[in-house]
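Below: one structure, written as structure tokens.
Lettered A, B, C and D in written order, each chain numbered from 1.
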Amino acid sequence: MTFDLIVRGTAVLPDGPLEKAWIAVSDGRIAAIGTGEAPPAHTLHDAGDGLILPGIIDGQTHACSYGGLPGIRSTTRSAVAGGITTIVDMPYDNPAPLNTPARLSEKVEAIHAHAHAHVALYGTILPGQAPDDVQPLIDGGVVAFKISTFESSPTRFPRIASDQILGLFSALADSVLPLGVHNEDQEIVRAYIAAARAAGHNGIEAHSASRPPAAELAATAQFLELGASAGAHAHIVHLTTARGFQLVDNYLADGFRATGELCVHYLWFDPERDGKALGARMKVNPPIRPGQIDALWEEILAGRVAFVSSDHSSWPIDNKLTDSIFDAGAGVPGLETLLPAFFTAAEARGLDAPALTVEQLCERPAKFFGLWPQKGAIRVGADADLTVIARTPQVWDSARAHDELRWSPFDGRTFSITVARTYLEGQLAFDGQDVVNQPGDGRYVRRGQSHWFE
Amino acid sequence: MTFDLIVRGTAVLPDGPLEKAWIAVSDGRIAAIGTGEAPPAHTLHDAGDGLILPGIIDGQTHACSYGGLPGIRSTTRSAVAGGITTIVDMPYDNPAPLNTPARLSEKVEAIHAHAHAHVALYGTILPGQAPDDVQPLIDGGVVAFKISTFESSPTRFPRIASDQILGLFSALADSVLPLGVHNEDQEIVRAYIAAARAAGHNGIEAHSASRPPAAELAATAQFLELGASAGAHAHIVHLTTARGFQLVDNYLADGFRATGELCVHYLWFDPERDGKALGARMKVNPPIRPGQIDALWEEILAGRVAFVSSDHSSWPIDNKLTDSIFDAGAGVPGLETLLPAFFTAAEARGLDAPALTVEQLCERPAKFFGLWPQKGAIRVGADADLTVIARTPQVWDSARAHDELRWSPFDGRTFSITVARTYLEGQLAFDGQDVVNQPGDGRYVRRGQSHWFE
Amino acid sequence: MTFDLIVRGTAVLPDGPLEKAWIAVSDGRIAAIGTGEAPPAHTLHDAGDGLILPGIIDGQTHACSYGGLPGIRSTTRSAVAGGITTIVDMPYDNPAPLNTPARLSEKVEAIHAHAHAHVALYGTILPGQAPDDVQPLIDGGVVAFKISTFESSPTRFPRIASDQILGLFSALADSVLPLGVHNEDQEIVRAYIAAARAAGHNGIEAHSASRPPAAELAATAQFLELGASAGAHAHIVHLTTARGFQLVDNYLADGFRATGELCVHYLWFDPERDGKALGARMKVNPPIRPGQIDALWEEILAGRVAFVSSDHSSWPIDNKLTDSIFDAGAGVPGLETLLPAFFTAAEARGLDAPALTVEQLCERPAKFFGLWPQKGAIRVGADADLTVIARTPQVWDSARAHDELRWSPFDGRTFSITVARTYLEGQLAFDGQDVVNQPGDGRYVRRGQSHWFE
Amino acid sequence: MTFDLIVRGTAVLPDGPLEKAWIAVSDGRIAAIGTGEAPPAHTLHDAGDGLILPGIIDGQTHACSYGGLPGIRSTTRSAVAGGITTIVDMPYDNPAPLNTPARLSEKVEAIHAHAHAHVALYGTILPGQAPDDVQPLIDGGVVAFKISTFESSPTRFPRIASDQILGLFSALADSVLPLGVHNEDQEIVRAYIAAARAAGHNGIEAHSASRPPAAELAATAQFLELGASAGAHAHIVHLTTARGFQLVDNYLADGFRATGELCVHYLWFDPERDGKALGARMKVNPPIRPGQIDALWEEILAGRVAFVSSDHSSWPIDNKLTDSIFDAGAGVPGLETLLPAFFTAAEARGLDAPALTVEQLCERPAKFFGLWPQKGAIRVGADADLTVIARTPQVWDSARAHDELRWSPFDGRTFSITVARTYLEGQLAFDGQDVVNQPGDGRYVRRGQSHWFE
């Protein structure tokens, strides 16, 4: 027989690296894995001493916050250039969020029109909206829901009141879908920002204090308890301190379904060290805290982090160049830096970077969002979403990125690897230089059977 | 030498009962404890086979919610008739709460004028009030602070926003004073009551569901985490489910200062069994839950309940006789039933009622509010606040009570004991029939040196 | 390219079953795993709906207790007929144990002459023997050491005194090799047997009481503590009660290296149910206990059992047909029943029998004895030791077995599967009817790099 | 009324010190405790600023190992001079141990003839002795049983085999009496001593290594498991390392009855620091270990030490002056140093020495041996066994001791307190200089109702 595609290199399999491996693809799926001489194939790519990873899954992307549904195009172009084959997109689309089956249909249509990468979707609800649309959205394939306890935008990203959170948790209690939360207490944040402004504080150094850990943790604690009361799966989409993960762990120990997620910038930046140079370029919410990096890695190694994501936002740099940090937009572009940044940081700490990368950026998000075992691992029968990385160091330069934003907090940082190739279901999407697949080659990915809790 | 007073009977000492004991009093303090023949004294009372307990401390009284500061008079009269020698009074006085040194002075003056029992005081803050008065109030002797996450009255009992709770916790972090909370999430309660009203629910059976455990627990979780963030002692003044105490316990296990309190009505009533007969007479907030009594006793026996209190409110019965449960006032009179109800219930479960009563109604509140070792135990050197109980069963009849309210949820219930005598610092306050001491014989009690956490 | 061999069927891979799979073998190793149409091969075997497992590893075999080193021939013939590709052989050879490099050489030579299956080896020491030979034996490739706290034979299977155990543990402390123990307290066993004999007890029902759990557990506790003191890996080769595994778990929790093993007969037989029918046919030491089967399965599911083995002994039936149970030999033949008995029992409990079988009979013993990743899993690059089972039920009949012993405690029991084929490094060893490879086709397997504790 | 005796001073009551206290005694019991002016008494002793403690209880004394039953006289004389009002005497009397009711009667008679202090008794069994005498000894009032796993004397202090230990535990399983053990593995100790002698090691520095922690811990582990198997209370009479207490704690956590005891010399001496000066004067078994003092204090503070005792032995110094450490007797005199040494060491570590002394030397041994609440605390109704200590520092000089032995490992050490007075049931036994009561004034104390486990 002749396979469609063979990729050769060191394959990072679930139980470890296999050197001189070949991955054979037929009909978009992995048909065979072997070592030694490879069988015949129509196309062969030899990655040499490069690593073949399962396609990276970014569990937290904001593709449409800025440019609306067409934002899927540039966002997924950037994704495949970053080795990401699937994004899980947040619901806070511009001008209105994904909160009804009709909006879901529009977004799925936009994916068909624009996507270079696969796209799975979060849903949400608006203030005052009854949970009647929850089940239709589940039937439509959304992988999770998300709300916020802080109003970032009254129409697109509103605060949801406690009673409505409780109602949504109740509507989800019999399902395996998590309800995620942007976890900041609005009263504390608004009062503290007002006080900081009144005191004339304007710089990034005032950002963490203006949205203190207490604001994040109080919202987290309240949300976890609401989820526990309803018997649903509560998910914190970003925790910035070890205390946050301890809180989540207490709920697990008490028999409830609770998880917490990290974003890669919390593992790289420290406002005390980097704030002066980066300013609003490192403004995210909840803020990056001083002195937390080591503690957060400990949480990863202890298995208490559900997975690591990018929280990618497509803000133009103008949005950041404000007089006051409080006027700057929050969020950073991150799809092309997620994989190299995570891998590099793990390696720098002496950890097994390939294994940890596959665990945190592939297996865990796949299982979490119901995409396993079709995605998340190199195994026979799985989708042939593959990411090849070369052990070629690079200094990050956002001017060469594919997101058209031309700025990044990682500019000038050295990564130990380079994304060499990205395949979607056996089709080449990125060749190391250019995005070579077409808008619409990415698919809409519905939630499947896997789930996080037994 | 000749002592001022000798009381004979079975004394419940910290390490157990001492039969044929005598307690000798000089200058208002316990000067000696002995057995056998007693030394000479100016006054002798032989309680026969009655039990001599340390004076009961009610850790949660609302003396002035209805009648203002003069309410201290009838409230403390009822207290000593109930064997209670010290009340810890809540700050929500009518028409305005205890939130400044000036108000503290007024209340202390009112104690001097009216009190039959000793009175210790909680302080509070109002919305928008800076924490500047916290230290002066501590200097003035308040034993604790309290706020609410639910507005019961806009002026007297307002909701305090998260940022202000955090500020108050921070102001208390270096002190041993707890910050207590009335723990109900306002958004959930208001939405659920509106829904219940809309659905035409009016009876007590709708009360618990209208303020569901989730509302109580979400507020509890948020408050505990704010206290933990600030490093202060967070205290939940009433938890109605075992889950609440588990939450508190998690904070202890994580190294924070957290406690939870029970009120005796949660140990006696069940809406499914008693709601029909009692109606609004058993309305308290947070509500008494169905089916929790056994689980709450387990919490007591596991040592996870800080102490048990009455949450006494002096509402006239008119306040309860409304068409809808949602219009009825919350709270019940309880000073004369606290001791016999707790003792009786413990005995009925086969527990060591004397030991448990001394632990939960004397030692623990004394230690908690900084009154130990002067109060809370029969020990040489302590204040001679003594309560004598006779093992004479009684059927409770509020018509005979000393609170002038003439109603009680306990009406018609049988208690296994009767309060026979109450002494304040060696002076007889209640003789089993009548309150025999004078207004002003009770003292203002300032916080002393003891504290709950090492 | 053309592979040497392709086996088709449902392959039980480390992360689950792969249907319509093919395993391609080259040069004795697994060269590729795929699904769908298979590449060309010199030999093809299609197992249909049969399961392809990694070759079974029996972690506890006594090949030479009875027949001396030539016993390897019939024992390994029985092994491959039971789907076992590697046995880990105990050191208590007749007439003298494996305790010196010279003996090791002889035994390796015998393996080369006789073995149908691969053979890994335990070493031991004799009373009074200095630990000087430990390192040479490690250098010679033994995978573990074992001693006994009970004398089964003064020359071949003696009791080792505490001081010598401590010395042996010290000699092993810097290595990854476990020291296993036959764990019975000699004083208790001898005293209790004497008492049982004196009381005229002769039957199997007296066997467990004559070697009570206390005898087993006391020896276990002492041995574990000696291992902990020396900092070495202590392994209990058979635990018959849940308490035994709890003991082991306490050592793990305290930071020491400790493990415990189960044999399949402890999961199948109960003396109260089966004793009358089986008599001495179910006599093993330590004894099978009444009422333990459910509890032992719980230990397996909790992950507290290192692995499951056969403890195969080649006793002729004459050795069992004695007047008194105390005169009967201990031990049962078990190589051909290990796999079907374990699989059947797991299935009967509603468990995932294929996954559990691969875990307990392949992966775990491979890791434990340093054979991983070459053995224990179907993965590219591993040795092509493969066992094919058909889902054909069978009633066990030892007359058809290949061990020439013609008796088994399992006679008449129904198994849900049948061993269909056994491959050693790609070579067919058993075709479902006959052993088709030659003595000496099995290899001596030295300890490799894997180890149990990180 | 007029009391027999009043003692004034600072009384260390169960809940703390009471200054200017008086203790009134009638009929040998504490009749009253007070402060301020004392009632009339026939005899008054004012201890000034001295501390009044409950009489000290030494939970481990060897009164008759050397001098036989008449040894009670000098031993108890030394006890009262050391502030000890009750000794719990070990059964290993010379020439034969306390293992039958007849021997118990003889020993009780000897107590009546000789004892200056109260005496409670351990019983034991001899090799081969059936447990028939266990119940008669319990009926006769023994407070505990003890055996050894090491033979110190074939007739008086023999090794008891595992089967007999198990039988004794079974005989005690339904009782509250603990079975204590001298916990050393005989095989290891004999082998290691032989090796040490062969290597020419003779000094105290070789002592710990010749009876290594492994020997102690292996015997401990085996003994604890035997107790657990039988469901009885297993007690280790001396543990010399933190690991020992961890082992005991594991049994508690698993739901079994297990305890461990410390002797005061393990808290004072370190062979590396003190061995050269003291030599065999600090030889005890199990040996004092290097570097354990801090860890053992941690165990006390964690509540994992049942109590602290002296392990007093009345060896003449000749028994210590041998050429080889292995020929020297093990054990030290300790009754007069137990209290000052423990108190001084606690104080030197900044601990609350009075509270800790009362806990470890009074309350805990009283509860452990069933003597509570008659002994172990200053409480009304308890026996008036009182020990007065002065805060007068002293340099220990065994020449002034009352044990007639004239040697001590504590010679030249400074204690921060001095024993000023000892009362037995209100009768003065020691006046700070001389023993003033008579042989036979001490009583035989039978086990009462208190027990260690609920």
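The rule is short, and it goes like this: contacts are C-beta pairs under 8 Å (C-beta built on N, C-alpha and C of every residue); 3 or more make two chains touch, one makes a residue touch a chain.
These figures come from a predicted structure and were not determined experimentally.
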Chain-contact steps, minimal, separating chain C from chain B: 2
Far-end chain from chain B, centres as C-alpha averages: C
From the options C-D, A-B or B-D, the pair that copies A-C, where over half of the contact pairs coincide: B-D
Chain A and chain D, separation of their C-alpha mean positions in angstrom: 65
Chain B and chain D: spacing of chain centres that average the CA atoms, whole Å: 46
Inter-chain centre distance, chain C versus chain D - centres from mean C-alpha coordinates, in Å: 50
Chain D residues touching chain B - in the complex, by the definition given at the top: 1, 13-16, 18, 21-22, 24, 26, 31-39, 373, 377, 379-381
Footprint of chain C on chain D - complex, ascending: 161-164, 166, 185, 187-188, 190-192, 212-215, 217-222, 224-226, 228-230, 243, 246-247, 250, 254
